[in-house]
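By written order: A, B, C, D and E. Residues from 1 in each chain.
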Amino acid sequence: MTNILEVNNLVTSFQTEAGRVRAVDGVSFSVKKGKTLGIVGESGCGKSVSSLSIMRLLPKPSGVVESGEILLQDNDILQLETKDLYKIRGRKISMIFQEPMTALNPVHSVGKQISEIFKIHFPKMNSGEVLNKSVEMLRKVGIPDPEKRFSEYPHQLSGGMRQRIMIAMALSTEPEILIADEPTTALDVTIQAQILKLMQDLQKETGMSIIFITHDLGVIAEVCDDVVVMYAGKIIEKAPVIELFKNPKHPYTIGLLNSIPRLENKRKTKLNCIDGAVPGLLDIPKGCRFQNRCEYKISECEKKHPDEIEVRPEHYASCIFPEGLK
Amino acid sequence: DNADKNDDKSIKKPELEELSDDKVIKGTLPKGLKWLTNEIDPVFASEDAKKGGVFRASLRSFPQTFRSVGPDSNGGFRSYLDVNKMSLIEMHPNTENIIPGLATHWAYGKDKRTMFFKLNKKARWSDGVPVTAKDFLYTIKFHRSKHIVAPWYNNYYTKEIDKVVIYDDYTLSVSCTKPKPDLAYIVALGPTPSHFYKKLTKDFVKKYNWNIVPNTGPYQIHKFKKGKNVIFKRKKNWWAKDLKYNRNRFNVDTVVLTVIRDMNLEWEHFKKAKLDTFRMPYPKFWHSKSKTKVFNNGYTHKIWFFVDKRINPQGLYLNSDKEIFKDINVRQAFAHSMNVEKVISQLLRNDYFRLNHAYEGFGKYSNNTIRARKFDISKVKTYMEKSGWKRGKGGIWIKGKIRFSVPVTYSSDVLTERLVVLKEEAKKAGLELLLRKYDNSAAFKKILEKKHTVASMIWSTKFRPTFWSLYHSANAHKTQTNNVTNTDDPLLDKMIMTYRNSIDTNERMGLSVKIQQRLHDLCYYVPTMKVPYVRQGFWRWWRLPKEYGTKSSDDLFDPMGVGLAWFDKDIYDQTKSAMKSGKILKATTIVNEKYKTY
Amino acid sequence: MIKLNPLTIKKIRRFKSIKRGYYSLILLTIMILVSIFAELFINSRALIVKYEGNYYFPTYSNMISGKTFGLGENYDYETSYRDLATKFDTENSDNWLLMPIIPFNPYEVDLKNDSYAPFPPSLKDKHFLGTDTQGRDIIARVVYGFRIAIFFSLFLLFVTYIVGITIGCLMGYTGKLFDLFFQRIIEIWSNVPFLYIVIIVASIMTPNFILLVLIVSFFGWTNMTWIMRTITYKEKEREYVLAAKSLGASNLRIIFKHIIPNTIAIIVTFAPFSISSGIVTLTSLDYLGFGLPHPTPSWGELLNQSWENLDAWWISTTVVTAMIITLTTVTFVGEAVREALDPKLHTIYE
Amino acid sequence: MSDLLEVKNLKKYFPIKGGILKKKIGNIYAVDDISLSVKAGESVGLVGESGCGKTTLGRTIARLYEATSGSITFNNRNITKLKYNDLKSTKREIQVIFQDPYESLNSRHTIGSILEEPFQIHKIGNKKERVSEVKSLLKKVGLPEDAYNRYPHEFSGGQRQRIGIARAIALKPKMIICDEPVSALDVSIQSQVLNLLLELQEEMKLAYLFIAHDLAVVKHISDRVAVMYLGKIVEFTDADSIYENPMHPYTKSLISAIPIPDPSVKREKTILEGDVPSPSNPPKGCRFNTRCPEVFDKCRKVEPDLINISKSETNHLVACHLVNK
Amino acid sequence: MVSYFIRRFLLIIPTFIGITLMVFTITRFVPGGPIERMISEAGNMQNSGNIQSEQDQPLSEEQIEELKKYYGFDKPLITSYFIWIKKVLSGDLGISTRYYDPVWDMIKNRIPISLFFGSIALVLTYGICIPLGVLKAIKHKTLVDNITSIIIFTGYAIPGWVVGGVLMQYFASHLDILPLGGFVSDNFEELSLSGQIFDLIKHAVLPVTAYVAGSFAVMTVLMKNTLMDNLASDYVKTAIAKGLPFKTAVLKHAMRNSLIPLATGFGSNISIILSGSFLIEKVFNIDGMGLLGYESVLLRDYPVVMGILVISSILFLIGNILSDICVAFVDPRVQFE
């Protein structure tokens, strides 16, 4: 299967008051055409930064991609001129964000914000067409009474509606890749289910690829084809979704899967858990980043961060004795 | 003179009956009156004077009204109105003799309280209406009216002026309520245009606030822009222009008075020739600020002209109702702690002179032997110790719990720097002055309520010295009287009463001198300084007579008051072209000491 | 030593990194310190006098009369130490004295017989920046004027903040009628032309320092009150307050231990601006002649003098410069504090 | 075992104020006629969508909000209307843990003073005793002793939540209202905190009112679970039966909406249409009728009562016309 | 919406009464009104000029009482307040006790002048602050930002009237290229239209600078800070992610939101437009409302003071409402329920 996007050795850093920190440190993954790649990991592990790097949407001047390449159909996005970049953003790669509350401009009507996309990318369209297209998009994402909603403002809509608008905006140009950065985290489960279903339907319809970022393994299991697990700025495991859930190899992934309370579990039992907390970017340990929380830690782990090993076909993990576990 | 009257038929003079609810008092002229006039005193204007030109001067604030009576009519602008209102008789500025005004002749009555006048038949109001005896009768009625909201005038025209009697249209008499010394100056009323005011009503104050009232003098307001300027124009056919003492005076055609709120701004305007003269009594302007291009290049000149006139008593008035000043020793010590000499010599560049007492400049009425108490620390010590005071810790005199620390109430900004120096010097003498500046009316209120301890103020003067309201015990220890020192001395009271009731000039002179000595001895007042001259800068195209001014000149270039200056077109052109080409002319400073008396 | 909250330390560090504000603060502190001890640098009294074997330290002591130093039998008043110095010099004894750098106090009129104030700067006369129109040393006037202005502002700040914080907190915390009532009051108060009223009051009663502080704060309290009300209103809804409430904490405890400490940042942010407005207010009032009574050293008075004596460039230059330096340093400090406490994310995109 | 907490017909309406006169122009029916009880040592879970009134219910019980009507009986004492002084002793016994570990700790206080505060408020012990008490609390929740002098922001979210827990248990309460204590935490941390809560319950015989919107978490920790929808309880029974035998259509769809972390399981989902209506203007009849997949006429008119449908001794309360037919 | 404004207007009433009553009370208890002025004038008068008199003292008690009656000071405070407010309601602001002109006429004459300066200053302030704020936000912490900061804060720190004084001394007195204050030249009427415009501009340059110097900083910084907040906001990120060039995103998305706080302050600026700054007007000898107010206070012309207060507080209150409208205009979230 063809990869539509390849990220190779991406290193992204930020200038902070305490100095320069690497939020993403040598990340590589690829997105298959028409498939969904899930990126999972705890808060602060660099999921958003990776996706923003792909969009070249890092907040300047503090955030910079230090090295690596991001190949969109063999073109390195990182090398693009700004004006070419504008042609890719929103057209070939679209993005939706976690907070539907703040991601829409409160002072413009939703209709205006959707039409804007058409105006940017299809300057030849006349205003009538733009209007029709916009309303059609609204209808497509399941907004009831789209003609009326068109002229409403974001604050008049519920969170779920707003996220639908975001999706409508992101998909109106029929992009090849959609990056969804925790699109449902802020929503209730019942609404989350609606949105997830919508995204899956639309993917089927358009055949686009999705990068789905979340920290909810349940969501991953439901929507993704491939999964990337990140920890403290690095990818520690990647695999197709069924493989990952069946045969997690990295101690972190294992711990993560075990710590989820499940409905079918027995009540009030002690949950498995990973002790300690994610290290801050400023005090990342030398060697394996997971070492201080790992129950299998040996002195070897302190030397260097382990290389990625293909433990099974298409299943990679960064651990020095992945085979030895379990 | 009916010919004139018929010139303008539209203006009809009201009949006398219309004027007054009271019956008009028409009398018959007493026999044996000795009619006097004066055509023999020297003239003081220059033969060379030419008519023409525009004179630009400034007003510190726009007048609050064009009325000359009623609320707020007593501001700085009042004088511009007054100089254009002639009285029955006028006073020669140099000889101080009576000269004709609206009246050509005058005579004294036997009762010593009445004078008789014959009006000049040519006299006209500015609207062309003849001035007649009725206008004087109306003056009394007018000033007695409640509607003008001028309680002081109401009083004066009731208690001082008794009546006007008309003998015919051009003959009248004016009486005081009782015999008076210097009667002529009291009864020399100005007329009020009865045809203009018609009936007075309650809304007088508002109704006539901006009305241009017909006058009898050389100029009349031509137009004005509220808040900005007032323009006077010379009357081309002024009825009195050929009177002996008026010839060659009032030469300027147009007088423009512009509001400039601040002296420094005024100075800037003057330097740009937007004003024609600039008064510089303050040493700062005379000595240093005038060292500027226009003066150095001789485009503007300076004149320092001494005058000889009644001195306004400036100084520190001690309130003897305050415990501390009940003691004459303390008052004297106070006087000796005031280093006025230092203020004069080191701050005011010796341009000012020490005032010796409150009644200087009244000729024989003045006691010229009195000398002000000088700054003298040892005398202060003697007086204070005599009353049992001691120097306290900070060097300030104390007695029991009382410190010799007194607040000085004042309201004028210019006084501040002088008081600051006095304060610093007084500290050496063991006296602490606390400077308390109040807004003008607040200060006045405080002083009239006798709440001050020391008041630094200045009274205006009158023609002759007056003592009763300022120093008689009848006015002490109560509010709203002018005895702000609360002077209460039986001996003094007796002399004041005699002086007041006497109409014998010599007796009055003698008493006046004695009273002044007594006042000096009692030491309720510390005289400070006087400025017996006029100092002005002026653009060189303004010309003055050889004498420059009169004995009592206030402003040498004032076009409407004495009106001696004139505009010289040739010099103007010459100067302008010099200014354009940058040619330097002769810098000129005139100093005239003809009337310097010391 | 009290352990500072590391957040506070971070803010302080951030403040220090804003150079403009940091150096302004240092400069301002130096200025205030110098002005507090101005008597040591600028004074007509000697720092030390050695006379007939005795040492005298007149600076902070009572007046010492000239008699003490044998200046004459009637010399009951304050010694002129400059004269004394001349005397010692001519006598050739081992008496000596040490004068401050600028041997004048701000009230002293140092006039001359042959020339007239204002005197231009002169090293010889030790009037390094000249004198004003009464012959008083400009530096002395400016420095002591600064001292008064800054303390005026600090007192003003203190009074308005006390009132503002108390009422504002109560308004925000209790809400309801009390809040509504004071809202109206504040609306009314802030609409009253305050300078006019101060002028009216000042023109009839020659205010002293305390009185002027009170008059000005009488109209100045609304700002802080409003600010405090707004913050308290927000703060009281926050979860840590609820947490304290759920522990059973009393309202007083919540206000004083929780809410006020959390508003300090905002209060601090406003302080420099309040100080500069205090200085400007006093200067304006003095300039108009409604401030502290003469001869209190004051910038407003000097400004007034300088407009009137433009040829005496040293007056206007000095006072305007002093004003610019002070107010800009205060403003820069304020700006830096604001930036340190509430740093703005600087974000631009490609 | 008698009930430790008994809530009867509790209502909490927030006035909607409008206009400049801030007049009341409506109500938010945040908690509308709720009755429930908690036994000593028991944990009762509370789930529901955002805005359905969970927090409000918890806070009203903790007397942080004034109830609009209804009664709250704690330890056989009616605390609904108690004033500050009488309430103090109750406050010792009911404590609250908040959702946001960042917001609920005063950032200006050290951990030491945060944890000492309960003792100060209730005037317990002297300074020395308090310090040692605080130290033992720190130990109990698994924080290092040197935390005493440090400030909240120096800790991670999970650690801060432990501080919040320590504060809540400081006064040895009988009951803790946990308002989404783990929602803001990462999965790996979440399990640590849940374990801690379970341990403490065991040790101190605490009763929990455990609020969360994650049904799995609620089920894991609770003995009984109440499902809330728009200010009302729609179903209330023991934790296992709510999962195994949900009766209310809302509960059913809630369960089906929960993503299962197992890609191999594929199940049929009932996805609810539309959004939760506004609590200021709840629909007539059954509040769920606008979204219910099985809605019929009656639902739009008549509000169903919460009725026990269980035949066994454990209650199973449901408010649905389908069930109560 | 209509009812909102009606209620908003109704709320003006108590505030308005509060403000006026307070000032009215103060003016009542302060000496120096027309009566005190007459007393002191009478004191001076009998000591001045030609008129000779010995008996006289300043006014007697009865005379003072009569004057009080004339000016209406004989009634108790509340009564006279109500008389006053009744007159105000009928559109009569009373008569100046200084010029005896109707107060409204006096104010009316000053309005164009203050309006002229005020509106130029306002337009300039907004016209410069907004772009400058944008520039500074984008160039945060660069040389441009730092230099402009120093300039505007220096401008902010020094009071406008000091700036005005310094400027006037330099440009008008020293260099003599600009006029010495005033609103227009004396010969304004005689000038041609272009001459008049030029004359106006010449006179306006310095006062406008003085007016603007201070208000600059506040607005610019406000603009900068809110814009920076908005630039960091999610929706700008969204806009850019849509493919909008950064500049367009700033102009179309961030700007409008940043104008909201500026719009909030718009109302109070309206009232400043009219009331002006008396210190600046004093320095430049401009006959505006500010100077009128100041002089009236100094000379205790209380009807005028009260008149100005009426106008300015109504303007202020209306300004608040205008602010509301402005905010509603840029921010659709605001509603007048």
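In this section, contacts are C-beta pairs under 8 Å (C-beta built on N, C-alpha and C of every residue); 3 or more make two chains touch, one makes a residue touch a chain.
From a predicted model like this one, the values you see are computed outputs, not experimental measurements.
Among the chains here, which has the CA centroid at the largest distance from chain A's centroid?
That would be chain B.
Of all the chains shown, whose C-alpha centre falls nearest the centre of every protein C-alpha atom combined?
The most central chain, going by mean C-alpha position, is E.
Could you tell me the distance, in whole angstrom, between the mean C-alpha positions of chain A and chain D?
Using C-alpha averages as centres, the distance is 31 Å.
Rounded to a whole Å, what is the gap between the Cα centroids of chain B and chain E?
So the centre of chain B lies 40 Å away from the centre of chain E.
Roughly how far is chain C from chain D, going centre to centre by Cα mean, in whole Å?
Averaging C-alpha atoms per chain gives centres 54 Å apart.
Note the residues in chain E that touch 2 or more other chains, in rising order.
Within chain E, residues 31-32, 173, 232, 236-237, 240, 298 contact more than one other chain.
Could you say which residues in chain A touch two or more other chains, in rising order?
57, 59, 82
Chain C: which residues touch two or more other chains?
If we look for residues of chain C contacting two or more partner chains, we find 203-204, 307, 310, 345-350.
Could you please specify the touching residues of chain B with respect to chain C in the complex?
Against chain C, the touching part of chain B is residues 263-264, 283-284, 287-289, 291, 342, 345-347, 349, 377-378, 381, 391, 393-395, 413, 416-417, 419-421, 423-425, 427-430, 434-439, 442.
Within their complex, state which residues of chain A touch chain E.
Going by the criterion above, the answer is residues 55, 57, 59, 82-83, 86-91, 94-95, 97, 99, 102-109, 116-117, 120-121, 153, 155, 166, 169.
Spell out the part of chain D that touches chain A in their complex, as residue ranges.
Checking each residue of chain D against chain A gives 49-50, 156-159, 186-192, 194-195, 198, 213-217, 219-223, 239-240, 243, 253-264, 269, 271-276.
Inside the complex, what are the residues of chain E that reach chain C?
My answer: residues 14-15, 18-19, 22-23, 26-27, 30-32, 138, 140-141, 146, 149-150, 153-154, 156-159, 161-162, 165-166, 169, 173, 217, 221, 225, 228-229, 231-232, 236-237, 240, 246, 249, 278-279, 293-294, 297-298, 305, 308-309, 312-313, 316.
Enumerate the contact residues on chain D facing chain C in the complex.
Going through chain D, the ones touching chain C are 22, 59, 62, 64, 84, 87-88, 91-92, 94-96, 98-100, 103-110, 117-118, 121-122, 149-151, 153-154, 164, 167, 171.
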